[in-house]
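Letters A, B, C and D mark the chains as written, and numbering starts fresh at 1 in each.
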Amino acid sequence: MTEATSRPVQVHGEVLTTRRVGAYHHLSLVAPGIAEQTRPGQFVALAVGGPDTALLLRRAFSIYRVSSTGVYGGTVEIVFAARGPGTEWLARQQPHSPVDVVGPLGRPFALPREPVSATLVGGGYGSAPLFGLAETLRSRGSRVDFVLGAGSEQRLFGALDAKRMASTVAITTDDGSTGLRGRVTDVLAQVMERAGTDVVYACGPMAMLQAVSRVCADRGVTAQCAVEESMACGIGVCMTCVLPVRDEDGMTRMVRSCVEGPVFRGEAVRWEDVGTVPDDTYGAPAAAH
Amino acid sequence: MTEATSRPVQVHGEVLTTRRVGAYHHLSLVAPGIAEQTRPGQFVALAVGGPDTALLLRRAFSIYRVSSTGVYGGTVEIVFAARGPGTEWLARQQPHSPVDVVGPLGRPFALPREPVSATLVGGGYGSAPLFGLAETLRSRGSRVDFVLGAGSEQRLFGALDAKRMASTVAITTDDGSTGLRGRVTDVLAQVMERAGTDVVYACGPMAMLQAVSRVCADRGVTAQCAVEESMACGIGVCMTCVLPVRDEDGMTRMVRSCVEGPVFRGEAVRWEDVGTVPDDTYGAPAAAH
Amino acid sequence: MGGPVARFSVRTVPAPERTAEPRYDLATRLASVELPNPVLTASGCAAAGRELQQFFDVAALGAVVTKSIMLEPRSGRATPRMAETPSGMLNSIGLQGPGIDAFLAHDLPWLHEHGARAVVSIAGGSVEEYAELAGRLRGAAGLAALEVNISCPNVANRGLVFACDAGAAAAVVSAVRARTAPGVPVFAKLSADVTDIVAIARACVDAGADGLSMINTLLGMALDLDTMRPVLAGVTGGLSGPAIKPVAVRCIWQVHAALPDVPIIGMGGVRSGLDALELMLAGACAVSVGTAVFGDPGAPVRVLRELREALSARGFGRAADAVGYAHRTDRTT
Amino acid sequence: MGGPVARFSVRTVPAPERTAEPRYDLATRLASVELPNPVLTASGCAAAGRELQQFFDVAALGAVVTKSIMLEPRSGRATPRMAETPSGMLNSIGLQGPGIDAFLAHDLPWLHEHGARAVVSIAGGSVEEYAELAGRLRGAAGLAALEVNISCPNVANRGLVFACDAGAAAAVVSAVRARTAPGVPVFAKLSADVTDIVAIARACVDAGADGLSMINTLLGMALDLDTMRPVLAGVTGGLSGPAIKPVAVRCIWQVHAALPDVPIIGMGGVRSGLDALELMLAGACAVSVGTAVFGDPGAPVRVLRELREALSARGFGRAADAVGYAHRTDRTT
């Protein structure tokens, strides 16, 4: 697998288009200098609230798609749920509204050197970064299968895109409003079996990533999971976004998900211990005794 | 002289029109329930900054004009200079933008019972509340003369309106870009002489009001001055907007300009002591010794 | 979604006492006095209620906390008296007011006639002055409770603020308690500008305070970048508004943890029903709305309405059940 | 317009040293060390500079103040570690860091190689630990000054924070001063969560501090209204951002008034060049940009540019002339 490096830039972007997609909002932004560098799995951090706002911190969003050509220069697209003051502000923006954008941030999904069979698992808007990934994988000759899950049909994002791109698409919803009633992990093993999966890429709620990682571990398949931790800075300087991750030597460290993630190997993350500092963590208080 | 009483209301207003007028912004707002009650000299307090704003306090603006009829119900018009975050936000609002309005606030200009000769003196956007006043005075048979002053032509507001309404209009600017180079008080005595002025109504910077009050005092003419003090609440509960005013018995009190003003008799305000608590003020620390 | 797994599991805990048809019992107790609901005005942000009556019926609130009153009439400080700051404001009013005589003649009777419960805030420059004020208020009709504003300079001790010294705070509280009718609770209003607010709280309670109010404004300051001098004529001023809410929550939390049986009137940056709920969960049994009134004259009744909705959405049948709920460890989290 | 007459007259005072062609002498002194300009990063808000280098050249700043380093590697606290609040944020990171060995091996050399001046912040749980850190840093290349973060719990004294106790603060400062090379100034970083910040400042200076940094975060807290538990895993956290600027200005003002010769690094809510100027006028000779970096990674260089413009617009030929200017009474106001 290879990893791309990029250098984030801060640009005065502008809203190009806005659109409702089920329960979500889709926004395309003119943000030159970002699109060109973006690899699937990276994210942008947007300033919200406008001048005189009481909201100080940027909001992080997975990059759904980019286009680096066209009359506007580079554009970046995101998909988001309006769930608090920042995302609600963003949902109120109109074409031409200025939006300050920092990106691309974080480490992208690691790509296989050879063609493989890849299964992409998305939960809710978590599927957003998977479509650019699917395109890249396919252009390199890999097989792509999708498993998409959500609370309800309204919260399922990108099923049509997936059908266009993938060999197969399995869909689950908690309420059964579309696809199978249940969770992505109810069908994942079966999909992997059928597709002969070599690598799983996943993005969605932590509980989903944990479950996906377990399914993959059971089958000895690599999982690349994009996590979503609360972030104050998004650029690696504040240490708010950490989670316990095992390094190559098996040592657990509290690792910044904004710069060392958001994509982690599923088996490296200590999912059950997220939200704690395990006693055996490097530098943990318990270890000091 | 008589005084009208009104009961302020808080309404969810909406911007109807916006317009640049020289250095100022003119805004008309749909604000039902306010227009109907407004008397010349009263003001409105507008919430600024939108949701999630760090600006907590309302901004006060003299009511320029009202109309209580028309398809929109009552509308209120203001004229303002964009000079800080609140007024800059207001200047960015577009038709249909929601604006929360409280008004009408404060005591209006006291009106004469009989027809008189009234001279209206406005400095900068301070002329705004004088045009409604002029209309009322004229409809009651009074003679109206205007003296308008400003830093420059760009900052002169309402010269055409004044010409339409008044017997005479005198104009001064600091830089001589229109009218006479100088201050309103350079021409005021002369205008009063010619018009046989019984009462002066003034609104503008404190220094102007002080000078106007002195001219009037010298000639034994009543001055009705609308002041502009920094206000946190605008409704009489916070005590930030006080200035030293002599009452009927000659006792000086720190008086709230939002509810006992903004209109004061010129000779009652201790202009030279504004920004201090004179030693002989009721309840002053010095008096306690 | 996201966030650590721990947060997820916590979120799914069923709220307490969810009943099929929620009753909204908003009553709360300030020690011996029951109020119909927990939303009050904050001292100095509602004068004596009259001006707000134009916007809503002040009798609909739990109580009106009046501007701190002193023995003598006071002119207050010179202007400018306020400066807006990010999500807050500074004020330096200097306790301008009519003095206790005029207050007893005009303000308290007005509140009583209009059916409002009055929590009367008193302020002084010496222990004697506080005691004298308490004595003058004894037996006054409409008086629900006393709030003792001890964030005043102690004339006898180089102007050191009473609230910053446990001994001075206790002396004021015990003098006021001694002169106040037994059925009228005495609340001491604390300042957060101290190294150890729990120590001051304890001293006040030991001295007889029936409850505590917190927090008063934080000491702050702003400079005018045109004049390059302090904005406020009084140089320093009190910082209030949403900016200080995290400090208020922390203080209420600490004091409630240390003194769980002492009723607390919480204040500091409350603008919405959710803010009020936050202070209650931290340990406040009533909540005062201060600076928010300046931006929204109807704020206290709006906060009350939103609080009612917030409590019922969380299955709290009684407002009292929410008091200090965030401390409870007997939940299945 | 408007405002009392007094404000008018003040506004027209000619600014000091207005020259036909303004020079921009931005240099400032941290005691014995001269910096090319007064804008620094704030400890804990810029890591050790490397990440910010992606956005601007950190050598362009007056100095980089590094995240407080401890003797041993530290995992920090559990998550959630932050909560956004009105115009502010709470953090409870728990000083996660690599320990002094890794810092000396990787971070300080990186800063030195990139031409940046490093103000190294140190933190410990005992006087000995601070002293040991100072000793380890002695002679390190690139070290411009030490900032002693005394807002840490004192293990030996029931976790009471050093900065809240004059004696403990002084003990740390004198131990660090004794172990530090004479040419390297030692700044003590004060907390505003005390009854009398001037007393703590004086104790630190008497113990040998060459300067003071202020303010650290205010102790605050937020509750999650879904879980009805504290948002932060660490329960309480430090409040930073524009919300606390008025408190920072007040502290700097008070300490500069009491100790006018002691250099102060000011911080707390600086987001713009005007904010930086405000802290300087209050008495700071340098200004750290903290939380603002999270919202705007380019903030420190932007603040520097805006400060330069603000100084020149006011006719200050030298940044140093603005330091404490708001205290000056020898002006024709």
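The definition used in the following text is that contacts are C-beta pairs under 8 Å (C-beta built on N, C-alpha and C of every residue); 3 or more make two chains touch, one makes a residue touch a chain.
On a predicted model such as this, the values are computed, not experimentally measured, just so you know.
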Listing by label each chain that touches chain B and chain D gives A, C
What is the chain whose Cα centre is as far as it gets from that of chain D?
-> B
When A-D and A-C are ranked by contacting C-beta pairs, first place goes to A-D
Between the Cα centroids of chain A and chain D the separation in whole angstrom comes to 36
Whole-angstrom distance, CA centroid of chain A to CA centroid of chain B, is 56
Centre distance in Å when chain A and chain C are each reduced to the mean of their C-alpha atoms | 45
Centroid distance [mean C-alpha coordinates] between chain D and chain C, Å = 33
For chain D, residues contacting two or more additional chains | 3-4, 7, 79-80, 86-88, 241-242
What positions in chain B touch 2 or more of the other chains?
-> 54-55, 229-230, 243, 274-276
Quick one: label the inter-chain contact graph as line, ring, star, complete or other.
-> complete
Can you name the residues of chain C that touch chain D in the complex?
-> 3-4, 7, 10-11, 13, 15, 79-80, 83, 85-88, 90, 164-165, 193-196, 218-230, 235-237, 239, 241-247, 249-250, 253, 269, 274, 277-278, 281-282, 310, 314, 325-326, 333
Counting only contacts in the complex, chain D reaches chain A at residues 44-47, 51-52, 54-55, 67, 72-82, 84, 86-89, 91, 93, 96-97, 99, 233, 241-242, 291-298
In their complex, what parts of chain B are in touch with chain A?
-> 49-55, 85, 88-89
Any idea which chain D residues touch chain B in the complex?
-> 1-8, 86-87, 242
So, in the complex, the side of chain A touching chain C is made of residues 54, 123-124, 204-207, 210, 227-230, 243, 271-272, 274-276
